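Structures incoming, each one as structure tokens.
First chain A sits with chain B, and in the next complex the same chain sits with chain C.
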Partner chain A sequence: MFFRMLKGALFRQKSKMIMIAVTIALGASLATAMLNIMFDVGDKMNQELKTYGANITVVPKTSSVLNGLYEMDEAEETTASLKEEELGKIKTIFWAFNIVDFAPFVNTTASLNGAQVKLVGTWYNHHLALPTGEELDAGVTSLRSWWDIRDGKWIDEQNTDSDRVAMVGAALADRLGVKAGDTVTLQTANGSEALTVSGIFDAGGDEDEQIYTTLAAAQRLSGKQGQLDSIEVSALTTPDNELAVKAAKEGPASLTPREYETWYCTAYVSSICYQIQEVISDSVAAPVRQVADSEGNIMEKTELLMILITILSLLGSALGISNLVTASVMERSNEIGLMKAVGARDRQVTGLVLTEILITAIFGGAVGYFMGYGFAQIIGHTVFNSSIEMKPMVIPIVAVLIVIVTLIGSIPAIRMMQRLRPAEVLHGR
Partner chain B sequence: MSLLEVKNVSKIYGPLKALDQVSLKVENGEWVAIMGPSGSGKSTMMNIIGCMDKPSQGEVLLDGADIAKESNKALTAIRRDKIGLIFQQFHLVNYLTAVENVMVSQYYHSMPDEKEALEALERVGLKDRAKHLPSQLSGGEQQRVCIARALINHPEIVLADEPTGNLDEANEGIVLELFKQLHREGTTLIVVTHDPEVAEEAQRTIVLEHGRLVREIVNENFKED
Partner chain C sequence: MKKQKMFLKMITASLIRRRSRMLVALLAIAVGATILSGLVTIYYDVPRQMGEQFRNYGANMIFTPAEGGALSQADIDEGLTCIPEDNVVGCAPYRYESVTIVERPYMAAGTNLSEVQKTSPYWNVDGAWPSVSGEILVGKNVASTFALKPGDSMTLSYDILSPDGKPATADETRDVPTRDMTFRVTGIFDTGGNEEDYVFLSVEDMTALTGEEGGFDVAELSVSASSEELQGYADAINSKSIPLSSRLVKRVTQSENTVLSKLQALVFLVTAIVLLLTMICVATTMMAVVTERRKEVGLRKALGASDASIIMEFMGEGLLLGGVGGLLGSFLGFAFAQAVSVNVFNSSITFHFLLVPLTMLVSILVTGLSCILPVRSAIDIDPALVLKGE
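So, the complex of A and B:
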């Protein structure tokens, strides 16, 4: 009989139930869209934030001391070096997932047509197969995505057999009359290499006077096989707090074991730097403070905004449900009074009405989920120019939120039902 | 012992005394009419006897137990087990069919039984309208569904509040005929009405005015068929 009553209430009062379902669907759609974006925003923001370049630089310990003492230029040649074979270890640290990109650098000076030019060797879209089984493409193609390729194209390591390729800075190319497809011959004390120019780039900085080549070519020309001058790392970080500042200023040794654990297990830029130093021998990893702070703040604020929109949309739904259910109960007060008059207990009446509303909520929630999927894609394409990946974990979260919101929204109606006395509605007393 | 005994019952709403020291007894199987003009306290009386309200003062003994002292939960159980209610406005659930409306009463009492509910509808002459919604039934038919619902759990007392108030003459006759039949079967009937013709059908009529019991008339012409 319960199901016959339920069926009757659901199918013969369609307009009321549809109103409740629509309210729930709207709330659910916003919650679905915002939660999916929130969970996917990390990846999306990674792509966006990569355009700001690296936020951590790793240099050899000796070089770091010299740089600090004599304010040497980053691209200045140093004798100390990092080991190329240790590069992959960067993706094995505790916060490996937060390392979104990195590139090694080797700097040297070479002679080109009698003029001295700075030569930089690095990765472009270097494919890495890590011991963990993870695979990734790392390099300056994404780390320096703001470079304007005026002529030709980026060096494509994955589709080029030869490592004798180069990209020439716009100012240098203009001065030397070099264009994409030309061959430039670079001479150093370690030999000479004829490099094919893949592209001419405009970086808007000192790089416009430099030549970029592959890591292997630069290592041969500089005689630094298997060695690196620096590594640039792009990592997702959490904004610093007092603990992070203390660790950065006084060193991790100054922290209590409990503080150390918290600091180590939080993606502060200082703890990521510390972990990189642990895996790259004789290195000093230092944050490019402004970039690291900005990225962390942007991420935190974006997620906070999403959470607020989700809460507000669900709050709006709860108010809407509350009004609709209360209005529905008031409209059905005769029916509820009659049920009580013929012997229904409060919990039986409440159970019936709540089941009706929850079934409607599930229907509305399911419709809302798919609407939310659509909203998320619209937002994804408008803001990030890409689709939002729908996270399966959002389904149970939205389902639980819908049930909670529906129950909270129904509280005034439940109280009204329980206070309702049959004599009042059936005989006006 | 009387089936129902009302002793010095008063019901006070603020400054208004809806019932004032009313006493009456109803024997098992008796048919009693409660008459009076609007505002005389008839519906208040019915609410108290029907366990839907409690008196401000006095005792209401049903089967010897004072229902005035019972909790709301206990009153719900008494209503469910001992009382059948018939309303002037019928109060059928508008999204349930006639037979489902009868089964609602069974459901909250014990177990719904569609066959038994159909038999109850057959008894009031509505078996062929069992699958109709209230909106598809006439006023008389709705009242007969309401009667079938009141009788389905075999109550000790059937309380009817203005059962013919919204009916035309033909349907009024059908309903009164059903009451006569119930009385013959031994059902205790208490019918609240302001219609003298309806009251004349009862064995005894109690007249209320301004909340007080002013007269009690025994129907000398009442025939036990």
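So, the complex of A and C:
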């Protein structure tokens, strides 16, 4: 009998049940979309913030430290450097997956038509095939995304055979009258190189007075074959917390083994720096405060903002659903009055109505989950040009939420049902 | 006259007598209106609030002296007049001089240290910022070279220029007169950049050390404005006849543009979708509330009411509910936006009065539309059928 009545209610009152299901589906889709976006927005914004460039720089342990430590009081500058062959190791650290880009640098001065210019050798879109099978295009093309190429184009390492190419800063190019396609001849104590100018860039900073060339050409000119002056690394990081601050301030050695493990296995900028130092010999990796600190700050704000918007929309959809449930139960007072008149007990009536609504809710919730998936993907593709990762943990959250909301929404209706006097309702008052 | 009275009586009566149902409808509308006004306020406020966060990246505009001169404070102040005062977060002028510390050459910068805290909030200082004369802030590399700790003292020596205006040459090193000054190190900072090789002191101390008032080499400005606005300010300053040139720090402005536009697009889309779904929710609730009254519609039709008058009455009700709900929601929404702003950005927002009529209008429209559909379908049906209960 219970099931027959249930079936009857579900099928005969089809339009009403569909309406409830639609509202629940809308609420569920809203919850699904917002929760998924909220959980993923950190990663997405982190990617976007990579336009600010590298957040870690790696330099050789300076001569001054060596001098201070071993009292080697000789030459002003012992030319400490990093080894080029160790570069690939950066992608083998614990948080290798979080290293999105990096580029090595060699700096030197060369004379060009008698004038001294600063020459920088680096990677542009260097193709790396890693032992892990991962492939990566690393270099300054993405690390210096704010550069404006005025004339010509970026150096394309993958499609040019010669490493004798260069890009000239706008201010320097204006002074020298250099255009893309021209050849500049640079001379140092180690020889001279004729470099073809691939493009003129406007960086809005000191780089406008410099010449950028390939790593190999700069190494030959400076006589630093196989050596590097610095490495810039762009890594996805987690905003610092107390533990990270403590580790950065007092050194990893001050942490308890348990803290150390947590710290090492979290993508704090300090732990990534520490791991880079482990693989690159005689190096000091330090966060670029300007980028690293601001990044954490902005991510925190964005996440908090999304959490609050999510809470508002969850509250909104919860109220919307419970409202509709209340309204739809109220309008059935006639039917309920009749049931009570023929001897149904309160518990039975409540059970019937609740089961009806819960079945509708489960159905609506399932449809809503997939709708929410769609909404999340629309937002992901429009804003970030990539899909939003669907977290499995959203499913139970949404399910529990829907059930609780529908039950709470039914409370006023159930109370009304129990107070209902059959004679009054049937009489039509 | 009589008709109008009857109309009003019917509306108020139905609102009061069917209290619980109307409360349900009002609640639904108010929730929708709260979300509308709250999200729209946040959407408009996010660029401003986030823009302030982006000032953490430091200076986005710099003044450099024109052709081989030096900047004077007067020039900088005049340049600043082109930028609305409220938008300037900080302006730190720097005067660089080479000094020697224990026979090693170093760069010292004289600046307004309280402004540096505003233009470069990312400096990580161990200790405190100098506050009085005779105090100095030391870069991490300098500090590690000389094993300095906050509280230590250090001596800077400045080579006094020989009478012909050139610094002493190498072979006269021994006789070069120097002026020594001892400073107390208040803090050691790290930035991950070149600044770690410098020491920073106040302009007054720099004047005392060098014995002369010199101009500034560069001024860093942190301005909260979009990159187009910034370019406008820079052009305005350059077109004036002040001996300085201003330009944007591309790295900061360009990247801010990219990230901020993404963020705005995100909040916009989220707002749009949340609003759409909320409005549909409001509409279905209203529909449920009105559908219930099909019998009433049938009865009134049977008594001879015209379709127009029935629709009018429901619209009147919808108007009232939508208006009250919208009013309620616009204030609740502001409260929500204010809470978000205080919690996320630690600053308050201004109340947009235009949002009140807008929210009310949208709620009235949504309620009106969602009432009309079920009423129309009730009207289309033969009153006899409705009353019979089919």
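FYI, the second predicted complex is superposed on the first by the 270 of 429 C-alpha atoms of A that agree within 3 Å, B and C clash if a C-alpha of one lies under 4 Å from a C-alpha of the other, contacts with A are read in each partner's own complex, and residues count from 1 in each chain.
The rule is simple: a contact is a pair of C-beta atoms (placed from the backbone, for glycine too) under 8 Å apart; a residue touches a chain by one contact, two chains touch by 3 or more.
For clarity, every value in this text was computed on a predicted model and none was experimentally measured.
Undergrad: Once chain A of both complexes is superposed, is A:Ser387 in touch with chain B (first), chain C (second), both, or neither?
TA: neither
Undergrad: If you stack the two complexes on chain A, which partner ends up touching A:Leu324: first (chain B), second (chain C), both, or neither?
TA: Second partner only, chain C.
Undergrad: After the superposition on A, what does A:Arg421 contact: first (chain B), second (chain C), both or neither?
TA: first
Undergrad: In the superposed arrangement, which partner chain does A:Gly205 touch: chain B (first), chain C (second), both, or neither?
TA: second
Undergrad: Taking the superposition as given, does A:Arg4 touch the first partner, chain B, the second, chain C, both, or neither?
TA: Only chain B; A:Arg4 stays clear of chain C.
Undergrad: Name the contact category of A:Gly316: first (chain B only), second (chain C only), both, or neither.
TA: Once the two structures are laid over each other on A, A:Gly316 reaches chain C alone.
Undergrad: Quick one: classify A:Thr132 as touching chain B (first), chain C (second), both or neither.
TA: Once the two structures are laid over each other on A, A:Thr132 reaches no partner at all.
Undergrad: Comparing chain B against chain C, which has contacts with more of the residues in chain A?
TA: C
Undergrad: Find the residues of chain A that appear in the contact set with chain B and again in the contact set with chain C.
TA: No residue sits in both footprints.
Undergrad: Spell out the part of chain C that touches chain A in their complex, as residue ranges.
TA: For chain C paired with chain A, touching residues are 20-21, 24-25, 27-28, 31-32, 34-35, 38-39, 42, 46, 50, 53-54, 56-58, 120, 122-124, 126, 141, 144-145, 147, 190-193, 247-255, 258-259, 262-263, 265-267, 269-270, 273-274, 277-278, 280-282, 284-285, 287-289, 291-292, 336, 339-340, 343-345.
Undergrad: For the complex, which residues does chain B have touching chain A?
TA: 18, 43-44, 46-47, 50, 52-53, 73, 76-77, 79-81, 85, 87, 89, 91-97, 100, 103-109, 112, 133, 149, 161
Undergrad: State the interface residues of chain A toward chain B in the complex, per the touch definition above.
TA: 1-2, 4-5, 8-9, 11-13, 334-335, 337-345, 348, 421-423, 426-429
Undergrad: Would you pull the chain A residues touching chain C in the complex into a rising list?
TA: Interface residues on the chain A side: 16, 19, 22-23, 26-27, 29-30, 33-34, 37, 41, 45, 48-49, 51-53, 56-57, 62, 64-65, 68, 145-148, 202-205, 249, 286-294, 297-298, 301-302, 304-306, 308-309, 312-313, 315-317, 319-321, 323-324, 326-328, 330-331, 375, 378-379, 382-384, 412, 416.
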